[in-house]
């Protein structure tokens, strides 16, 4: 996969070094995962392995279970049956709290506080993680939001909100990046952000999992695609 | 890596207080709403000054309970799934998240009590002979209501009717706090009878704090 | 699932005993002499007090079952917990209703703002809130966990209600039975009251048992639906077919 270069990536600070704990063990390993909610089954017998350095695209129609799959991998939704591991840690076990900080997720609904400014949202994240406030300004500049940093989220367009989430993940540098419909609401220049972010993670021997309808745009980023229909991989 | 517990609490408290600073909901809506309630009651019961002087303290605490609930639950009840996911993936310890939210709510509630309290003293000519006890009771009630609101909001999180349900759950459970405050400051109560009620208030706060911390993690995972 | 588990709750000696005991208790109540000051209406006491004691018992069952559920996560305890709450709410409502019927001829009003009455009414709403919380939660394990925590908090209402007449000067009668120096009543009246307490205690137990079985059956039905796979969530969505379009639009 080629390195994506452009004004945005060129302005970003130097990459974090590759993970020193990397082995060839899968970053994500799901085995026969089933997820039920009440009387409905959302995922049925899903198997998925994502190796270090891989970016996997999962495509499917509405209601196929893509977002649920992402939340299971993020250890935010305990499966009804089956086994799964992220970084070798059981996704349903007590150890899952200790790996969550290595996971970054950008969902299709922004995880932002609407009353706060873009900068304040990122500062909150920085303070939780002990990151210097200067990083906040650097990442906002990198994604092209320097002039909008003091705008409240509620006053920002969906595209701007999405960019700020990319800025957040740039700052946090997760080892596993989960993206739900990442290209939605992004203009062509901002699409480069998705590619850049994914490339940074895989270059560090992390992994990326993208769920999307947009096979064409996501195809630039991923090294492998899977199709999910009716709650299982086709 | 996640930061130690205390910085997490500070970050969550700072976030919630910043949200209030930006929105001004407590300052510009809830406090005036509480003051209006104190103004309306004499219109309903009659402007009998001795009567109002006698019932004034109780009315004040009732307004604190009923309107304070809005402060204690508003933020947590309105939290979206995406925001909760972010908090979980940032690695914020659920107990730290609980404590941070409760501290922020308590700070806002103290402000609410002080401002609406001034209004109550002016409107109802309340006797402040026992004012030193207020230095314990005002924060005690604020902390208790904040803990109760945050805990109950966590219990009812992710439920479709959560926003409407939570105040209904909190209101009757706040009775021990109401009793502690009103009984302690009852002018007819001898001085040596105040301490047990203050102890009740503080005991309720302690129980709620322990319950909140112990249940924070499993409640965060409950869908 | 075996047919036995889905059968209606079998009749048991508890139901029969409860009915018989109520008949006996009512007999005692009507045969005991009328109150010297309140007259015949005071016979309501022989139902009013036992019913609220039954409510206390039911709420205590809720508390203990909630604690046991939190410790074991066994849904059986959740069935007992909801039984306790529902039966307790019904009995508390009944207590308040009987109390109001008694209050009107005795005090001249249906309701006074005494601490005992007010806190009893608040206790009613606390547990009504518990039931409302359960109604709002679809997943049974999530429902059991959330309501177990709430049930542990709600129990504070019972000592508040019981000791309210001791703490505040109250128009309501002081404790008659549950007091440190024992019950203060004539033997005839005490026997009638005791018969009532036993009878409504059996009624409470019978109601708890029946409600437990209902909860258990409902839980088994829900579990069968879950394990049977149910509908596939995505099957509710199909490709749109627009008017005038001969071919289906692919998703």
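Each chain gets a letter, A, B and C, in the order it is written, and its residues are counted from 1.
Throughout what follows, a contact is a pair of C-beta atoms (placed from the backbone, for glycine too) under 8 Å apart; a residue touches a chain by one contact, two chains touch by 3 or more.
These numbers were taken from a predicted model, which means no experiment stands behind them.
Asker: When you average C-alpha coordinates per chain, which one falls nearest the overall C-alpha average? Tell me, please.
Answerer: Nearest to the common C-alpha centre lies chain B.
Asker: Of the pairs A-B and A-C, which shows more C-beta pairs in contact?
Answerer: Answer by contact count: A-B.
Asker: Compared with subunit C, which chain's mean CA position is the farthest off?
Answerer: A
Asker: In whole angstrom, how far does the Cα centroid of subunit B sit from the Cα centroid of subunit C?
Answerer: Spacing between the chain centres: roughly 29 Å.
Asker: Taking the mean of the C-alpha atoms as each chain's centre, how many Å separate subunit A from subunit B?
Answerer: Each chain's C-alpha centroid was found; their separation is 37 Å.
Asker: Provide the C-alpha centroid distance between subunit A and subunit C, rounded to the nearest whole angstrom.
Answerer: The computed centroid separation for subunit A versus subunit C comes out at 48 Å.
Asker: Hey, what residues on subunit C touch two or more of the other chains?
Answerer: 139
Asker: On subunit A, where are the residues touching two or more other chains?
Answerer: If we look for residues of subunit A contacting two or more partner chains, we find none.
Asker: What parts of subunit B, by residue number, touch at least two of the other chains?
Answerer: Residues 223 of subunit B each touch two or more of the other chains.
Asker: With touch defined as at the start, can you tell me which subunit B residues reach subunit C in the complex?
Answerer: 151-152, 155-156, 159-162, 165, 168-169, 171-173, 175-176, 179, 204, 211, 215, 218-219, 222-223
Asker: Would you tell me which residues of subunit A are touching subunit B in their complex?
Answerer: 71, 74, 76-78, 97, 100-101, 103-105, 107, 109-113, 115-117, 120, 124-125, 127-130, 152
Asker: Report the residues of subunit C in contact with subunit B in the complex, numbered from low to high.
Answerer: 119, 122-123, 125-126, 129, 132-133, 136-137, 139, 142, 145-146, 149-150, 152-154, 156-157, 160
Asker: Using the touch definition from the top, list the residues of subunit C that touch subunit A in their complex.
Answerer: These residues of subunit C touch subunit A: 138-139, 225-226, 229-237, 251.
Asker: Any idea which subunit B residues touch subunit A in the complex?
Answerer: 1-3, 7-8, 10-11, 14-15, 18-19, 22-23, 80-83, 85-86, 88-92, 217, 221, 223
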